[in-house]
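First chain written, first letter: the chains are A, B, C and D, and each begins at residue 1.
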């Protein structure tokens, strides 16, 4: 069910919320990393993607699975600012670290969104303990399927 | 179930979305008016209040019931701007007219929110055909109860 | 929204649950009567119709609206017996009176189901204060629409 | 998250639905087995447990995960008969094999329900590829958690 993929590009972002220090994929080796790419004014992110990310965050111990929100603004940049995101994250009580994707030098698509080849929001990216991308999906994914994939990734390299 | 109330204060707002011209309660006499007071970054408004307002808008003919969104920003004013609201209304495909409440000369609570004695968002206000406030409620109200009240108000004065 | 209809045929049923005495439409004049026709092994009745009937029962005062379940078995008669229905009503904590439709002398369709021209389950039948059928529908109906119709029927004849 | 347990007792049941031949845990070694214990007139089974069992059945290939419904009637035996279950399974379009638990010589609790130490319905039992019980739970379990556990069990012994 989970295919092999390429090495995940290191996080190069404009800023962080909900974390005392910056996170790096390098520093998270040994854990499964769940990247949830969203925009604060994207209805599918608010109704489905973010609640699922919160559920993942609540189900797994922090030393096994790290959920990271990635605010990949590719439209309406002028109103989905860092200040607006801060209010949004507060009002929705998002409990996990959120990285703000780096605006690109040219064009509306931010840097990490380009590097991860994401085509929109919400997008779910699963990265295994070794730092490899194992799943990328635009749009809703069922909770059971997400749990199944993370459960499988957790078992890798535990022998 | 629906008690008598006071005359609804006329709408005095900073601007409108989703309507070619300004609306006035005076001009809507003869119809039931549903005011849905919300803030774009209020989770309960997004998950419950606004979808209910859309459902009301879709159920009733326009010449019988007029739904009006009222953007009553009382916190985080710097990010819930008219420009941000415009993007929000577009992304969530809100189909009804939206009035932007007038900032008060002093204090964070905008003018219509004060006049209507609203204590937060989402708030639902039902105004009868004669312009009288018949129901005001902060927080979720069931769809069946809302339908029941509007159905009753529609029958008034039809004899 | 609610058209005029024919006089509802009087209830002629095989038995009752959840009521100390038998109910009659004649005896319920002055109230709106909500008939919910169901079969205990009909998935749409269990997931949607019966919960909605319970919600109606809970929203309205008993002297204004009377909800009546009508067990219209038209298939699998040998397992949807009165004894099985009694267990079902107990396990699902159905709070309103339930009439057991009368088996027909010939054919699988029971008597009230025939008289009411119902084509399947779940079916919703709204009867006004004067005993006239005002709405009949097979399949799901939205809570807001149901509330709207009952609200309108309640206002009739109150002038 | 998934602890070791005891060997699952072999299925000794009164009959089967939805399968050309009888199933045995012995014959299913190498697959993860999901036992969903239910009663056809148990509301929690109908609203939550059985839909989840169907979702598991649909998510996983048959040669990896085998879902088995177990009809453990411990009350109202006279109406939850094999004939009634057959109608229920047909109306709810249950797609997986269903075992009918064996009535006990004495007392209302059937044999497999006793052997599995189940305390009510719905109950979920996960059995690993080696035939060991790894999870038993009465009441609702989240889809993500179920997917996580099955995903982990699938990875065992694959090295």
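Quick notes on this one:
Criterion: a contact is a pair of C-beta atoms (placed from the backbone, for glycine too) under 8 Å apart; a residue touches a chain by one contact, two chains touch by 3 or more.
Please read these numbers as outputs of a predicted model, since none were measured by experiment.
For chain B, the chain with the farthest CA centroid is D. As a whole-number value, the distance joining the C-alpha centres of chain C and chain D reads 36 Å. Centre-to-centre, using mean CA coordinates, chain B is 50 Å away from chain D.
Among the residues of chain A, none is in touch with two or more other chains.
Shown here, the protein chains touch around one cycle, each chain meeting exactly two partners.
Chain contact summary for the complex, chain D toward chain C: residues 41-43, 46-47, 76, 78-81, 83-84, 87-88, 91-92. Looking at the complex, you find that chain D touches chain A at residues 52, 55-56, 59-60, 142-152, 154-156, 159.
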